[in-house]
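Order as written gives the chain letters A, B and C; numbering starts at 1 within each chain.
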Amino acid sequence: MNTLTLWFHKFGSPPTFHRVTGLLIPWLFAAALLIGLVGLYGGLVLAPADYQQSDAYRIIFIHVPCAWMGLFAYIFMAVNAFIALVWRIKISEILAMASAPVGAWFTAITLATGAIWGKPMWGTWWTWDARLTSELVLLFLFLGVIGLYNAIEDRRQAARAAAFLGLVGIVNVPIVHFSVSWWNTLHQGTTVRLLGPSRIDSSMLWPLLLLALATHIWFFASVFARSRVSLLELEGGKEWARAIALGTEHGHE
Amino acid sequence: MEPCPAMIASDPPPPIPLLQAEGLAFARNDEPVFGPLDFTLNPGDVVLVEGDNGSGKTTLLKVLSGLLQPNSGRIRLNGEDLTLARLSHQVALLGHLGGLKLDLTALENLRFAIGVFGLRSGAAPLPALASVGLEGYEDVPVRSLSAGQKKRVALARLLLVPAALWLLDEPYANLDKSGIDLVNRLLDAHARRGGAALVTSHGAYAFTSGTPRRLPLRPTP
Amino acid sequence: MRYGTTASACAAVIRRDLLLTWRRRGDALNPALFAIMVVVMFPLALGPEPNQLANVSVGIVFVAVLLAGLLALDNLFRGDHEDGTLEQVVLSPHPLSLLLGSKILVHWLSTALPLIVISPALAEMLHLPRSVMPVLIVALILATLLLSLLGAVCVALTIGMRRSGMLLALLVLPLYVPVLIFAAGACNAAQMGLPFLAPLLWLGAALALALVLAPLACAAALRISIT
């Protein structure tokens, strides 16, 4: 077994996962908060107003990182779902299911801020273009995964059924995007590209990237926190979980 | 026939057991349901799975049929691993849901089973129905049969499909005295043909020939 | 021993499901009746102005067919699950995906085909121009096949639940979005005198893909959710 699989098995064992994430979570939340505040200061105070959209554009500092996170959460969920279905790793089931509500919230925030931004820019709260519609479908997919997970009684069976749905959904997202853009498009083009020159001024770019970093860290902190709870629920009968519940954790180590 | 002790060097190699379970355990929501279990079924064996309600008898049969995946251990049928992806012609399951379509007649139900599972050599639907005492009920919709008669249709299905291993979940339920005798007769005949069966029951129903082997299931502590 | 071929096993499934449909042939008309009722509601709500109805007729027909299909979807495996015959099908040594594919085919024949048959009447009630009718029929055939195949995967996931109606809609409708867009898009294009072949070809390509993948996915989903 190479180092990576060894590490994976070690980190994937429930007690280790519980202990390590317990140590990590406060730091992750603190880092996310700090980086997020710096990013917000840079975006809302330091960055200059846009010559066309004046101050209204500043909502992108929330909107764009959340939109990235919605997709990232879905991909993270799908990767874990795949691992859970193929190798039946319990931690992956839990991580996949924990990322669904977090991803759903990021997607919901994206839709809400998008609507708020759309009102002054396009004069309407909602428009049926490719990205908005795919985002909405993404939200439905998240809600479907959450709904299915909650509707099945056996927790592990529920996780695997919902994971399967998540995998079906990830095929769906690009197809929806393609079909809706075939159908209608009036959204403004993508402005940040990783390859090639960006069409955004660096004074606006760095706060955006900082905020993206902050939301990523926040995502992991939140997913880990949720996973810890479901792990304890799932492993309630096991020795290590009882030790934690009874507060005798250190007596066993 | 008891499983032969495998370690006697001078004997010819023991026949491959029909079913072999090693360290078989199943858990639901990480609560152990049964196991770990080790047992072997040779051709001709009829084993009575005993246990109280909730001791995992039905679950054991579902695991052995391949419907549920065990949490640990392995199942071998004729020496080959049983996996969900590769089910075998060797297993027939009689669940507590009869597996019959109420809107179809007894004969139509049996024809469907033959189509999906195959047909045992020398068997045919009409004689099978006759041998479970349902002569004259061939074209009656299963809906209008009594609970015991439905059970008999399900038993007729076992006679038709080519499976060597029968997994019977509470086959005696809903049956009258003659029905219980019928189940015992069918099990006897199946064992003499070289088949094997695992039967769950919470009541004591003697088989006609001798005492069957027993496999006690107790909730794991 | 005669184990039978996979083809004969599929034929057995098809024969049985057709027989069952025939025994309960009254039920087969329900989706079509439902679609008619939905379509009737629209002129009552929108007003009887023919031009206005003609403009939205394609959308209404497709949404009505989609909703009727959604309602019928729940029965795809439910009956078989409740009487234990699904268990028997899963235990069959033949490839589960092909057996389920046969079930999906019969389900399409018994629920979607009546819808397609009445669709000219629906279109007529909404004053859809006659010239669009052939495109509508072709688009409906492609779309309903896709809906049955995609829907089957979701139904397989919800099989263990007592009531799955609302949840099933939540699972299925996001998958239906592209199908609806292309199918209705083709008809709308035809209605406006624009080329309509491209979306139909896309639907055909998607159908070819779904015919291969959906039964496999359906079998995998069923194995997860059957206990």
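Please note the rule applied: contacts are C-beta pairs under 8 Å (C-beta built on N, C-alpha and C of every residue); 3 or more make two chains touch, one makes a residue touch a chain.
From a predicted model like this one, the values you see are computed outputs, not experimental measurements.
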### Message
So if I look at the partners of chain B and the partners of chain C, which chains show up in both lists?
### Response
A
### Query
Quick check: more C-beta contact pairs in A-B or A-C?
A-C
### Query
Where the centre of all protein Cα atoms falls, which chain's Cα centre is nearest to that point?
C
#### Entry: Distance between the centres, which are taken as Cα means, of chain C and chain B, whole angstrom
38
### Message
Can you work out the whole-Å distance between the CA centroids of chain A and chain B?
### Response
48
### Task
Please work out the Cα centroid separation of chain A and chain C, and write it as a whole number of Å.
33
### Residues of chain B whose C-beta touches two or more other chains
none
### Query
chain A: which residues touch two or more other chains?
154
### Query
In chain C, which residues are in touch with two or more of the other chains?
227
#### Entry: In the complex, chain A residues that touch chain B
154-156, 234-238
### Query
Contact residues on chain B for chain C in the complex?
62, 65-68, 84, 87-89, 91-93, 95, 97-104, 108, 111-121, 162
### Message
Under the stated contact criterion, what part of chain C meets chain B in this complex?
### Response
1-4, 8-9, 11-13, 15-16, 19-20, 23-24, 82-85, 87-94, 99, 223, 226-227
### Residues on chain A engaged by chain C in the complex (per definition of touch)
133, 137, 140-141, 143-144, 147-148, 151-154, 157, 160-161, 164-165, 168-169, 172, 175-176, 178-180, 182-183
### Message
Under the definition above, what is the set of chain C residues touching chain A in their complex?
### Response
153-154, 157-158, 160-161, 164, 167, 170-171, 173-175, 177-178, 181-182, 185, 199, 217, 220-221, 224-225, 227
